[in-house]
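Two complexes, one shared chain (subunit A), two partners (subunit B, subunit C).
Presenting the complex of A and B:
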């Protein structure tokens, strides 16, 4: 699922994977010093609420686009999807291609004009403008709650990874990283978070790119990699993206192409990339409408390349590592290595002192940037959509900036508390991962109808969102209580967890849309004059006819789409 | 490609350049050291000396960004 990091390293083996030298520690220390220096520097430029919560709306398309992508490119996601590619083969690439690219292009070309022209500061803020306070309250509360919980879970998972990989104490990892994040986000707000996400983006590529380069050299290129995997497994379907999706039983993921296309490629992907405020906030910080439209397109172009540093290393591990990696439980029982360690194992295979430190820094940077994204989005939603809307509406701007700073620190503290809670009750992670997915698909139904259908009413938006969310929870509980219900929810008793998530998202989106439409048709719509700047057909979109073709966002969206189609055909 | 329109603002790319250049120096230095004193347990493909050329690439990239996005040019 886009943006949802896999939970890795449920239990650490007895020995750490590798030790760091002086050069490695110097590289890691330099990273911490740099992010704090950036926070301190930006504090002087962060005076108003617009500066703190929206980065002054001054970001270029490149900065906003790389930040937009980085907020999703957490280190746990990198390690989790590398593990998934070791386990499921090239099927994992769908979470980077069809599970992201169409939605990112759609956000840039179709949805950004409404988000940007409405001058909203958040996705719940847009719901308030379009559907009223009740929809905003529902979306804001669920987002704020889930964001800090996810932040804490990621924090705990990352600390566990650091313990497994480096032997670091869990408490040290949690407190050192989270206090650093709290410091630089509280100092510089969203601008600081965005700057550090761009830095993280560069570090991830600098630290991870060597693995596929050296790995493909060792394997004899892509053809050599395919041959080695076919030889190891006695099957050729691990290096194909689409050819095994004709039946649930024909692929290791237990998923059908309809689940990938309609569940992942449509509902889950569009829900995450177009309505999750964690990523959308970065684009809202763009300096003008053209930058706001270009930012997701730039992000999509780079997103297409991420499988090179995530999926390919997982496949290389399958082809080149002398030992067979196993599931987490078996790894703990036998003292072996699990799928989840494939990326660190490949890092240790090729990277000596110095390069190893750079790779570890990339992982740490990914974690910290992801957490900064969570707390900066939480601070904005709490301050603007809950505190100012319902608790203290008449305070001055300085008061809200102070609230944002304190809220950032509070968000980090709650995350730390969640991390320790998860340490005691690890099963919480499964539930919260599922909880997060409950809100994404219905929210997309509400937002897309709100933007594209002027007949949608306030009551329709609220009841659609509420019933979509509740139906998703009900389907999840149904399968938990009666596993045989999987054949109805996911259309097959052979479906795995991932497939169940995709179909549950699809059903809840359909329910949200149907309820929204029915209720809207039964209630009185807003006059067109109140929908200007919010809805297609009521909003004048600035023309791009006077702009050179190569400078138009739509041109670059088509270019990215062509490459996207070509990649899918090549790896069919 | 500065990050903000304020004349005094330092571009994020300058910070990126500083860090990359520093990392380039440290990693290239490690590579040179291991060229003179090969480690007892070398990594796979150690003979390619990835630390040397990757470190040099980071250093050159870092210096380019430092020069191109130096604060005096920002805005």
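Presenting the complex of A and C:
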């Protein structure tokens, strides 16, 4: 999920959590050298626009699937969700399971054929094919703008983490990591971003896997962990995923199962995983339709396992750490540790010099994967959907590649600027994170209607997207100006931010769908001949009957779904 | 394109694994107290060895696939 729950306080405690030795620094240096070497090596093979923006459309299902997941898995997300599981218990796992797996499987099985067969290069590109230029312009502008802002905010948060954990200077962290990202993406394009994401994904596991292994060994397995948490807190609801969701009051998060299933599992999760170009771009680079369908399914299989290195360490912190971790404000006031630091604290609990360096490398790798995702997606959308579409439509291919390279560097510079802006004005962070949620839900309404409903027209698509987005902004502004409006937007005056986001997403999605349907029915339908390759019912989808059962994406989608259900039942 | 992603992944894991294993071995006798926190297990040594095995396998398969691609390109 894009919304980061992790915001480290601006004035961290003076003492750092730990300092690194020579062995640790050598490991970190080896990682940086390898990342740059990959970028340099791939530069020679990146000549055409297809190479730079689409990675030559030759990725296997495994590479596309792992980078699909890796681009989403920033290190702030790792630390943030570990913190959330310390705070809310096992409920945090829903953001990995129901909040991702159904949507990823749906993307692979139902939506991917239309994205892939249309040969589009981006999600705004698909909107242009299906609904025309105005929808594309709206989606492209909002996406490009949001992407660089988000990347700047992530960068600032990461630098802050490095300062709290290692005592590193904020300016040093920002410049060293972002210039490396700029170098390897500008050199090798999307291919370099994707390859490095796979490398970073493996490294994250290598660096973090020992924490749950040693922790579960110390706690005495899952049963021992449950017993210790029950003993520490005097309540058992921290280690159950569903059994406490029958009412708003009975669980640590104060949510109801309907909010989790419909708000998180449907609108927010489907919106993010199926229309956020940052992640979809990785799958569009797959070498054929079968690989494109398999990629999100492979990603889903690994996504299901991520809680082992994120949620479990948070719970272990709850069971094993001698001190009680507190909220950010209290941590600053008392000099204690906040739960946002639970992952580094657990790392320091088990790993001395040597492995500590590997763990820190994993955190840096996670951050760089997320940032590379942002800038490579920004470069594609800007170059193809804005620059080529509206500014300079008929330049040659080499011109656009050069544009993409410069855009990558420009995107990183704007991100750095944003990071410094946020450093000056902390509150911008809240605004931008809210902004991000404005576009996702309505965009999902437009794309899903476009793919599955032939009758949707160009005007319908554009007006649905516009009113959906505007209504989302309006609801947010209404609550900002008049907090009592919360009772209308989120159905309850006591709703927390999370609940407000879920409901705002749901309303704006419904508005988008209703407006799209009404305007479409009032305007002239597009002839079927213009919809070939874009819409369900007009697109010949290659049959998979001649492929062996175990090579079919649908077979693996069912396999993942079975494990998904089993996990939810086991941790009920 | 002739870069198999397994090759650089394998290489990086071989480098880091070797480093961890050597560091673990060196500190095993000089500074055993270093491993009190990891429940008495020399995690640097064992995790380093695990990374060496994983890295070696990745490197091997990556190189083999690349060699086959090149051979196939030379004898169509």
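Definition applied: the second predicted complex is superposed on the first by the 562 of 572 C-alpha atoms of A that agree within 3 Å, B and C clash if a C-alpha of one lies under 4 Å from a C-alpha of the other, contacts with A are read in each partner's own complex, and residues count from 1 in each chain.
Here is the rule we go by: a contact is a pair of C-beta atoms (placed from the backbone, for glycine too) under 8 Å apart; a residue touches a chain by one contact, two chains touch by 3 or more.
Every value quoted in this text rests on a predicted model; they were computed, and no experiment measured them.
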Applying the document's definition of touch, where does A:214 land relative to subunit B and subunit C: first, second, both, or neither? both
State whether A:571 touches subunit B only (first), subunit C only (second), both chains, or neither. neither
Using the touch definition from the top, say if A:478 reaches subunit B (first), subunit C (second), both or neither. neither
After the superposition on A, what does A:45 contact: first (subunit B), second (subunit C), both or neither? both
Let me test your reading of the model: by the given contact rule, A:287 touches which partner, first (subunit B), second (subunit C), both or neither? first
Which holds for A:31: it touches subunit B only (first), subunit C only (second), both, or neither? both
Could you look at A:56 and tell me whether it touches subunit B, subunit C, both or neither (first, second, both, neither)? both
Between subunit B (first) and subunit C (second), which, if any, makes contact with A:302: first, second, both or neither? neither
Between subunit B (first) and subunit C (second), which does A:355 come into contact with in this model arrangement: first, second, both, or neither? both
Residue overlap on subunit A between the subunit B contact set and the subunit C contact set? 23, 26-27, 30-31, 34, 37-38, 41, 45, 56, 58, 63, 191, 195, 198-199, 202-203, 206, 210, 214, 217-218, 349-355, 358
Interface with subunit A, subunit B side, in the complex: residues 1-6, 9-10, 12, 15-16, 18-20, 22-23, 26-27, 29-31, 34, 39, 42-46, 48, 50-51, 54-55, 58
The answer for subunit C against subunit A in the complex is residues 1-3, 5, 8-9, 11-13, 15-16, 19-20, 23-24, 27, 34-35, 37-39, 41, 43-44, 47-48, 51, 54
Subunit C-facing residues of subunit A, complex: 23, 26-27, 30-31, 34, 37-38, 41-42, 45, 56, 58, 63, 191, 195, 198-199, 202-203, 206, 210, 214, 217-218, 349-355, 358
Quick check on the complex: what are the subunit A residues that touch subunit B? 23, 26-27, 30-31, 34, 37-38, 41, 45, 56, 58-60, 62-63, 191, 195, 198-199, 202-203, 206, 210, 214, 217-218, 287, 348-355, 357-358
